[in-house]
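Notes to accompany the following structure.
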C-alpha cells in the first residue's frame, strides 16, 4: 500500500521547524506542501525568509541542507494559517504561540507538535512510539470533547524520551517503583533564543534548566500511568553539541539480575518497525557491554538518531531492587522533530489521519 | 606558638607531587627540605628533573610556578629514600609504588598520602578535616600493630571529599540512610598517564572511571561509620578542567525542609579554621540560593579551592525523607594535595607529628 | 605624592562596565563615585540593577566579585548623566551610544573610553601605554578644536593592543615595513549581546568577526604613524574563554636575527612602570624560548593580564627581512578596561586630569 | 570496464590504518585481502587484535564500523609481511617503520603510503590528485633507479593537502610568488600516541606542532615545482576534532580581482572525477560567499570529506598582488587514508598497478 499525505510545518524558520524540514523532505509518505512562521518571515519564499537581514547569510542550523523545492515554498503567517486541505500540521512554535494556534488548526486538521502547550491536558495523549501508542485512543475523546475534526498530539520533552523508552521494558518485565535521574543535556536542547553562550559553557556545567525537571517528572508519569512510579530528576547542561546523557537509578518491582535487565532492553518489542514506519530504526534500544559506552558523541547517531543507547547496567545498592544504567538519546532527532514524524507515521497506519 | 616542621615530597615530579610543591612552598609551618621521585629523575636538581628530554621544555602543570629554592633541591630516588630526620613525608606516588614505599617510610616518619594503597586497612584512618578527624586516634593502634614510630594517613579519593563534607552535616542534623550520586568529574582527576585524550572528550562524556565508584562507596562508609548509610555512585568524566560536580540524592533519617538543610550546611562547624590551620578556608561549605549555581568554573576556586560549594537544594520525591542538591569540589586542591596538607596541619596541632 | 581622583563608569552594568568596576575598585588613586547605565537600570542601587528580572540571579560575569560599596551606588541614566565634579569618566557603552554621550561628557570632564566612536577622528589620540603615549599631546588640540574643558581618549580594539605592543619595539630597533596577522580570538571579546553561542563554537572556528579586520588595519597605522607599515589581518574566533592569540609575520626594515628580535622584545622600555603607574606590570613583554608557548590559557594572566607574551620567534622566508612569532594578549584586561585604566593613570601623572 | 585489485593494509590497527579500512571496505575496485601490524598484534583475527587487553573494549576510533569480513582477517606481522600477489599495499605505519618496510614491499608491489619516510627522495613523487598527478611519471625512474618491480608513492602531510589544492588553480591562472599560512589544526591530526591531552587543549591553543612547518614548506615546493613559490607556515593546534583550517595570504604573479580568484577556484578542473575515480567528490573546491564560512565543523565533511572548502576571499594589502582566504580540509579523509586511496585509483586508471 502506498501512503501519501500532505503536510505543513508551522514555526518552520526556527531550529525545531528546520529539523522538521530535514525529517520530512524526501519522506516516502509525507510531502511538505506549506510552511508558516511569524509575520516577520511571511510573504517570502522559505529560502529568502532564512536569510539574515544583516549579513545575508542563510540562517540554517542543521547538518543536512534544505531541498530546493522546500526553499521555494512561500512562507505564510502562522497566525493566519488555515491548514484546511492538509493531512497533518507539524507544529514547532514556542509554547505560548502553540497555545493559541494549535486549537485553531485542530478544528480541521491533525496537529503533531513539539510544543508543550497541550501536554498536560487530560484528553491529550503524550505519545512515544513503542511505549504508549495505545494512548492514541484518547484522540477520540479529545475530538468529542472539543468538537474538533482534527486533534493535537504533542510529543514529550526531549529529556523524557530516552528515559521512558528505557523504563518501559523494565516496568513491563519487573515492575517499576521509582527512578532517580541526573540528566547531562546537550546544547542543542537549549535552542538559540537565547540558548547557551559559549562563554558560559566552556570548561563548565550549568546545573539548572528552568522547568525541565518538572516536565520530566510530570510527563513520565503521564506516559507510564500503569506503573505508578515516582520520578526524581536533576537536569544539567554540559558542553556537548547533541545528545542527552542520563544517569538512571531505578527501583524495580522485583529483584532482577543485570543479565535479565539487559535482556529486557534487548528484547523490547519494536512495533514501529514491525508496522513498517519509515522513520523507525532497526534497533530500538542498543545495549553496550563495553563499560566506556554509551558516549553521546559516539552513540547519539545510532539508528540515524532514533535508537536509544544504554550501557553500564549494574546493580544499585540503595533503591529497593535497584538497578542503575546510563542512556544516550538524540534530543533533536528521536527527542524532537524526527520523533514527532515517527508518531505521525504511527497515527497514519492506525487510521488517525484522514487520507 | 610558632610551628616548624621539615617535610619531604615523594613522587614530586608527577602531577600530584607538583600540587604538593605548590601547596607547601611558602607554607608558614612546613618547609620543603627533600624531594624524591623515580630512579629516572634522581640525581638532578628538581628544576632539571622536570625538563622534557626531547623538547627541553619544563614539564610543569600547575598554574603557580615552583619557587627557585624548590627547583634547586636535588631529587632523590624514592626507592632508596630514607625519611629519617623529616617530620612529615607527603606521598604522591601511584598506589603500587606507595604499597611498597609508605610502610618503609612509616617506620620512622609520619606519612600523609594521596595514594589509595592503605585506605582500606582497618588500622588506617581515612581523614577528612571537619568530618572525621577523631579517627586520627587510630594512629595509636596503627603504630602499636605495626611497630612503627611514624604512621600512614591517606586522604580519600577526590570524588569522596565533597560528598562526605556535605553528607556529614546532614547526617549530624537529620540522620542519613543512603545517598545516590552521579559525579561529573573534571579532566585533571585523570592525570596524565594516560589521562584523557582531547579527541575523546571534546563534545562528549565518558561514562566510566575505572574503580572510582567502588572507591566512593567504600570510602564514604569508612569515613562516616556512625551513619550506616549505603552510597550508590555513577562516576562520569566531562570536559571540565578542574572541579568535580556531583548530583546528590540523599535519604535523611527524618523529614527536613529545604531551609533546614541549607541551615545545616551553612552552620557546619569549621573546626579546622577554629584551630588556626593555615590551609583552612574561612567558609567550609558555601550554599548558593541562585539556582544556576554551583558551576565548576565559577565555584571550584571558592576559598582558594578549599571550600565545598552547594546549590539547588530541593526536596526529592523518591527517597524516604529525600533531599537533592548539587555540589562542586576542587579535586586537585581540597580533593588532593592541599587537602592532605590540611590533614597534616590538623595532625600537627593535635600532636601527632614529632616536633 | 598621594594621588586621588573621583571617577564615574558609564555603561556600568554591561560586561565592559563590570570589568571597569573590577579594575577600579580598590585602586589606590581612583575612587568610583558614580555609575550610569541605560534608562532601564537607572534609579536602583547597582547591586539591584544587576539582578536578572526573571530569575533574580545576579548578572555578573567577572571572576572577582564587586565590592559592597560599589553595589550600593545608585545607577544613573547615562543619557542624563552630568559628570561635572568627577575627574574622569570611564565609558564602556556601545559605539552608537558613545557617539552621543561622550562629547557631552567631554565638555566638562576627561573621558577614557573602550568604545570605537571617536577612534578615527584626527584630533583624538588612540593611546597604548609604552607605545604612543606621546600622542596624548593631541588632547590640547582636541580641546581647542572642540571647545571642551575635558576630552575623549579611546583605547584601541583588543586585537590591536598586543599587536602594536609587539610591533613597536621591532619598528624602533629595525624599522617595520608591513605585518600580516591571523588572530585567533577568545570568546569574551564577542561579549554577550549577542555574543557567540555554545552551539556555534564547540568543535569549531568562526572565520569572521565583522569589522574587526578593518579596525586592526586602521588603528595600527594610527598608533604607529612614524612607521608607514601596511597591516593585513584575518580575524577568527576560537573556543578559548579569554585571550587573543595572534600569529604574526612581520617585514622588518633591516635584516635581524632571532636573538636580536628577542632582545628587542625583552629590552623594551616599560615607561608605565618607571612612572609608578599602579596597573603597569613588572614585565611588559614576556618572551618564551619554549616552543610550546605562548598558550592563551597559560599566558593570558601573566602580569595580572597586563603582560603581552610572545613566543616562537623565527625567521620568515616570504617577507623581506621577515620574522614570525605568536603572541597572547588578555583581551579583557590589557585589551579593555584595565588597559584603559592604565592610560588614565598615565594621563594623571602627565597632568591631563584636573586634580 | 570493471576494475579489481587486491590490497593489503600495513599498520592496520593504528588510527591511520583504521581509516584505510573504512576508506577501502566496500570499495568498488579494491578488495582488502590482507592486514599487517606490529608483532604484538600478529597471529589473531583483526577483530581480536583491536581489543584492549585491559578492558576488553574494541580500540576503534572511526565513526563507521569495520565490516565483519575485515574483522575476521588474520593480522600478520608487518616486519615479516610479504606482499607478493597483492596489487597494492597501503602503508599507514610510523615513519621509522615505513623507512624499513616500504622498500622491501616495493621490490614486488605498489606501495601507497601516508608515512613521510620517502617524501623527500628525488625519485619519489608526492602526489595530490588534480594537482600534480603528472609527477606519477617519476615512478618509472624510481623503478629503474632502485630495481623495483613495485614503487613507493607517499601522499603529503595533511596540512599541505588543502593548501596545494587551493594554490594550484591560483598558480595556473595568475602565477604564484609566495604564500604565508597560519594553520589551525584539528586534534585528530595528532593521533593517539601520544596525541593531545584534553587537559592541555581545553580553553586553549597549542602554538607548535613539531616538524609540521618544515613539512609544509618543503612539500609544497616539491608538489608545485613549476611555481617557484616560497611558503612560510605557522602551525597551531586548536580544540577542533577533525578538519584543518588554514588562513592563507598569497602573493600572485599578477594582479587579480576577488571575482577572478573565486572563479579560478570554482572552475578548477576535476580530472579525478572525469576519470571516474570512485573516491573523487563531485565538487573539488567549494567556495563560500557567506563570510562566516568555511567553518571546520560545518565544512569538513563536504563531498564526504574529499572537498576542500574556501571562503573569505579578499584582497591582501601587504603582499604583491596579494589575496587572502581561509580554507578547511578534512585531515583524516582527503588529507590521509581516503586521499591515498584516491591516488591509488588514479594510478590504477593510468596503468601503474599491475592487474
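Order of writing sets the labels: A, B, C and D. Residues in every chain begin at 1.
Assume a contact is a pair of C-beta atoms (placed from the backbone, for glycine too) under 8 Å apart; a residue touches a chain by one contact, two chains touch by 3 or more.
Since this is a predicted model, take the numbers as computed values, not measurements.
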Between the pairs C-D and A-C, the one where more C-beta pairs touch: C-D
Most remote chain, CA-based centroid, reference being chain A: C
Between chain C and chain A, distance of the C-alpha-averaged centres to the nearest whole Å: 47
Centre-of-Cα separation between chain D and chain A, whole angstrom: 40
CA centroid of chain C to CA centroid of chain D, Å: 42
Contacts with 2+ other chains: residues of chain C: 55, 202-203, 210, 239-241, 291-292, 298
Chain contact graph, described as a line, ring, star, complete graph or other shape: complete
Touching residues on chain D, where the partner in the complex is chain B: 55, 61, 187-188, 190, 192, 195-203, 210, 239-241
Contact set on chain D toward chain C in their complex: 178-180, 182, 184, 202-208, 210, 217, 230-232, 234, 236, 238-241, 245, 247, 249, 251, 291-298, 311-312, 316-319, 322, 324, 326
Interface residues, chain C side, partner chain B - complex: 55-58, 63, 202-203, 290-292, 298
